[in-house]
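Remarks on the structure that follows.
Labels A, B and C are assigned to the chains in the order they are written; within every chain, residues are numbered from 1.
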Amino acid sequence: MHIIQIASRFLILPLMLAAIAAGSAAAAEVEMQFYGNQHFLFKSPGGKVILINPWITGNKDVPFGIEHYKKGEVDLILVTAGHGDDVGQAVDIAANTGAAVFAPAELGGWMAGQIAELGGSKSQVYGGAISGRYHLGDITVQMLQALHGTGISAAGGRYGGFAAGFLITFENGLKVLMAGSTGLTLDLQLFGMRYQPHVVMVPIAGRYMMHPDDAAFATKLLMTDNPNLKTAIPQHFRIAGKPDWMGTPDEYEAEVRKLGLDVNVLKPEIGKTYTLTK
Amino acid sequence: MHIIQIASRFLILPLMLAAIAAGSAAAAEVEMQFYGNQHFLFKSPGGKVILINPWITGNKDVPFGIEHYKKGEVDLILVTAGHGDDVGQAVDIAANTGAAVFAPAELGGWMAGQIAELGGSKSQVYGGAISGRYHLGDITVQMLQALHGTGISAAGGRYGGFAAGFLITFENGLKVLMAGSTGLTLDLQLFGMRYQPHVVMVPIAGRYMMHPDDAAFATKLLMTDNPNLKTAIPQHFRIAGKPDWMGTPDEYEAEVRKLGLDVNVLKPEIGKTYTLTK
Amino acid sequence: MHIIQIASRFLILPLMLAAIAAGSAAAAEVEMQFYGNQHFLFKSPGGKVILINPWITGNKDVPFGIEHYKKGEVDLILVTAGHGDDVGQAVDIAANTGAAVFAPAELGGWMAGQIAELGGSKSQVYGGAISGRYHLGDITVQMLQALHGTGISAAGGRYGGFAAGFLITFENGLKVLMAGSTGLTLDLQLFGMRYQPHVVMVPIAGRYMMHPDDAAFATKLLMTDNPNLKTAIPQHFRIAGKPDWMGTPDEYEAEVRKLGLDVNVLKPEIGKTYTLTK
């Protein structure tokens, strides 16, 4: 079993009975929720809560406000780039919750100052750069290159460093590769060969990154010498407030099928809890 | 027949009779003109006019001024990076002609403001990022990574995003890959395999990008699993005002021959009109 | 013989007799000294002195001050990125010694202004970009991409261009590839295939670049179709003032051995003079 609640050639209804409700205690697996664009929440087997690009203000797919994330309830925030829908409300949420932030050094330096202004601490930010790692308990997060501009929108376009993706290795060994907002590059093949992720999260928005057809090709690259990869999750799409130019999970899935890739496509719905397994 | 008016092992004089004069109506093929550095003009089979990096002021290879491009006579301007010889007079030309601009998002954001100041509209700029696409009628332009700095010279070195190349797919299916100002990277191999361009435009200036020998190697990479590639065009060189360090088309052609590549080298002369075909 | 004074499976004590003292006249080979982080000094067979990232102020591994490098005693300074420990005291040393500087164009533009303020000349800086070359007598230095942010710390985080590594081809044909501060990328394979360096210098710091295990994998990539590569030198590490998160040469060597790479690992000690040969 690789994924719960997904449309798939292989998974069928009975498996869905195994779905674990959000917030359940002592999950043995990785849980994931999606809130539009690249706003993802992970709950690790050890109970750690990790947010990626928590964009809330202006994100019509988010059914809650910033106050949803409360003090002590978020452990780590990963930020891939400096644009408004990437950084989102990471600064506010870090200040409110006390969460650590792992971000490209230049962007992180700016965020640290902002967090301190809101009453948090500069030391919450752990700046890094491509290939660098951050440890959260027994979880390891490694920063990976994403071919994308990263001017900091909230700071007048100031340079935010080299844009990032993240490889998250959870306590149970599950490796999830969040590719960030990236163009197509052969380095995705390297990621497959070298890191062998079980789950990959591939951008499909188009315009500012890969369109669904290139995203499917990226998925193929990520399968290179990678027997682990069973689940591909499209990311950077919206349900409410979707711009005309933006790709959709269905388009991505169709392109994956065209390439004949033997991978399950998980098309996340807003707010549902999915269990990710090897 | 792949190219008109080029020195080639394969093409001979009779083929040159097919040359189509600039400005002729209803061309069935793609026409190209070159004005030094990376200033190229394309006229599509459907009559659309596309400029790349239209550098005029200070460019001694340009026999005209900004007023040469008149209102309504340019449809799209592609800009690869923020340097003075990349952006060139794109802002002025966009304001004067009403042309759309497709550029890296951070650079495009700055250009939009400048265009508006000159009486044009911010909405003329379609910002994008690596792998993103812009549609002009039945033409598709895709942005590709170029390994190059992209500080905006005219804005004090401000960050302009990830530098770009462009894959232009014309109405008749001809695919022209303009590699921009890039260093040598394996991603050029990916471009060959994935997009299979018929024509590639490879930088040869050296110093700030590939020298002719690496440019020839890049051409080889672009031929990987690409049966379409028949024509290679050196770009980013100058005839008048050539700096000492700058590579030449002859050097590039010699390096291509050294590698034994089965490709025609089109060495564009200033202001001539070339027809590009599959 | 490839390297003097290194722990190795192959080299033994007698070879160490060949060690050449620092400052000896008329060396026929390339000599190298290391002063912590990425502060390296090369003396070429023709007597040229090249510094890389000469970080002094705050670098506890440096047993001297800026005045150590005297007028006329440094020929070229290579700078890989804009961070404080990358640029280091390159500006001061350039102003004091009259050395040329080869750096990414945006960073170099800023450095030129600083050097002029200290009484040097803007013309000392030769800006370049990825794949561009600088000639110092019969030595050729080529800039290569490094996947790394490059905000200029001393200029408020201003954009410094695309970060760099350098391929130095000395008068005797020895090719040394300094990878800079980079993340893991398939382009390292390209560097091996295309440039076939004899000596590679691979970052091992982690956090902001590759950790020792990825650095070992990078070394493997650099050996691709590269019969020349005999010596690998870990770089970006510190002896005094080492942060907790920073990798060590021993860790790197262990990872290289795990991969079974047939390469000598030179773990440079502070201030010692090493001779690098083919």
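In the analysis below, a contact is a pair of C-beta atoms (placed from the backbone, for glycine too) under 8 Å apart; a residue touches a chain by one contact, two chains touch by 3 or more.
Since the structure is predicted, the reported quantities are computational estimates derived from the model, not experimental observations.
**Q** Please state whether the interface between subunit A and subunit B is built from the same residues or different ones, using more than half shared residue numbers as the mark of same.
**A** different
**Q** Between 0 and 180 degrees, and as a multiple of 5, what angle does the rotation take that fits subunit B onto subunit C by Cα atoms?
**A** 120
**Q** Any idea how many Å lie between the Cα centroids of subunit A and subunit B?
**A** Distance between chain centres: 35 Å.
**Q** Show the residues in subunit C shared as contacts by 2 or more other chains, in ascending order.
**A** Touching at least two other chains: 158-159, 186.
**Q** Mind pulling up the subunit B residues that touch subunit C in the complex?
**A** 83, 147-149, 151, 157-159, 163, 181-186, 206-211, 214, 217
**Q** Tell me, which parts of subunit C touch subunit B in their complex?
**A** Residues 104-106, 109-110, 127-133, 143-145, 158-162, 186-187, 189-190, 194.
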